[in-house]
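Read through the structure below, which is laid out as structure tokens, and then see the notes.
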Amino acid sequence: MQLARVVGTVVSTVKEPRMRELKLQVLRLLDENGRATGAYQVAVDAVGAGQGDVVLFAGGSSARQTGLTDGKPTDATIMAIVDSWDVHGKVVWSAAAETPS
Amino acid sequence: MQLARVVGTVVSTVKEPRMRELKLQVLRLLDENGRATGAYQVAVDAVGAGQGDVVLFAGGSSARQTGLTDGKPTDATIMAIVDSWDVHGKVVWSAAAETPS
Amino acid sequence: MQLARVVGTVVSTVKEPRMRELKLQVLRLLDENGRATGAYQVAVDAVGAGQGDVVLFAGGSSARQTGLTDGKPTDATIMAIVDSWDVHGKVVWSAAAETPS
Amino acid sequence: MQLARVVGTVVSTVKEPRMRELKLQVLRLLDENGRATGAYQVAVDAVGAGQGDVVLFAGGSSARQTGLTDGKPTDATIMAIVDSWDVHGKVVWSAAAETPS
Amino acid sequence: MQLARVVGTVVSTVKEPRMRELKLQVLRLLDENGRATGAYQVAVDAVGAGQGDVVLFAGGSSARQTGLTDGKPTDATIMAIVDSWDVHGKVVWSAAAETPS
């Protein structure tokens, strides 16, 4: 899986019938340090992620292994919202640190 | 999924029997800002996209999860025509803005 | 799918039993303008393509969706011989124009 | 499969139900000489690897071919802890040499 | 499929039970001219290839379409030992020319 941030939404009226009702989100991929890599994905959201959330998505046939996406023509699905991650014992990024409460 | 623009068509008389009757379209891949990346795909069209349309396509085994492409040797299928997309709340591209009516 | 030209053949005596009788061809990948990209694939030929032909091939599990390759360990299969393709209404390449008759 | 080192962990409270109880680890990919390539993966761990371990992971649908990950939306799974590897008869890397006992 | 040379072996004591008894080989990928590309794969060997052999391997789900690897978490499997290949009618590489007899 790769880390990414939800930055937008794709609107489509004409789509494959199996894709109806599925929200299509624009993801900016992040590297292990939390920086944007320049790559993006349009992904189906299986977990209710919102604009600005950092998420994990799965690609390929694994994108269809959720209750929402089974048998549907998606090759990228958000399957987790990330709270934080650490590298070598130090927190690289955390949602708590980013969002002032 | 990746964003792309339909720019052409591939003509083939000799093809795998399962591919008969399927239209093969040339797609130029777009980045999240709507600019051509330099990459392309030849894709089967499952939604009736036309020349110049901006579309989403799915790759790998997900390209076979449509009524049209089930069990067929395609690894790229157009599964949505894009009306618009936004990033950080601003519309990056919209079909309405591009086509004068 | 990607466009490619058949440029050679791989000879193998010791191979997985399921691969017996399958011809292995060397493909040079082409970009949308018909120029070699520098990448190659070794592919199984499901349509009787010959040396010099421009073809389409499918990768991944889609390479197994032909009568010839079902259940076999190939990840690249030629599934169409290309007659021509166009971009923005102009023919980019055609077999007829290339081969003097 | 690719070689990688376990360097961290991803924490996620909201995730696809099928991913519950699965530990998500941050992997730094290694080249054949044992050097970091700059790429990373977030992978499910099927073998009990720990921080600092060098491992092999499988991607795509192969990531689901373990007892732990069957039918789950992971596209990267650690399926072996590496003791050592050699190239041209010389040991490139070994766990024994790295960890003073 | 891609061409590669067997250059080494990975030793692993702790691995997914389904991977037991499978030999893991280090492959250096070759381009169509027989030169190393700098990329590598760790692959399961389904055909008894030895150190120094030039082989073909299949990736993704196709790596599981052999009697040895069915249902196992490998995403790269050697499915042929290469005797030779030619491009534009000239032999690029042959095992016979490389190994003095």
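Going by the order they are written in, the chains are A, B, C, D and E; count residues from 1 in each one.
The criterion applied here is as follows: a contact is a pair of C-beta atoms (placed from the backbone, for glycine too) under 8 Å apart; a residue touches a chain by one contact, two chains touch by 3 or more.
Since the structure is predicted, the reported quantities are computational estimates derived from the model, not experimental observations.
The chains in contact with subunit B and with subunit C alike: there are none.
The minimum number of touch steps linking subunit A to subunit E comes to 2. Chain centres here are Cα averages; for subunit A and subunit B they lie 21 Å apart. Each chain gets a centre from the mean of its Cα atoms; for subunit C and subunit D, those two points are 34 Å apart.
Under the contact definition stated at the top, the residues of subunit E that touch 2 or more other chains are 60-61, 63-64.
Because contacts link each chain to exactly two others and close back on themselves, their graph is best described as a ring.
The ring sequence of chains is given as C, E, D, A, B, with subunit C as the starting point and subunit E next. By the touch rule above, subunit D contacts subunit E in their complex via residues 1-3, 31-32, 46-48, 56, 58-67, 77, 79-89, 92.
Residue ranges on subunit D touching subunit A, taken from their complex, read 7-19, 24, 26, 28, 40-43, 51, 60-61, 63-64, 71-76.
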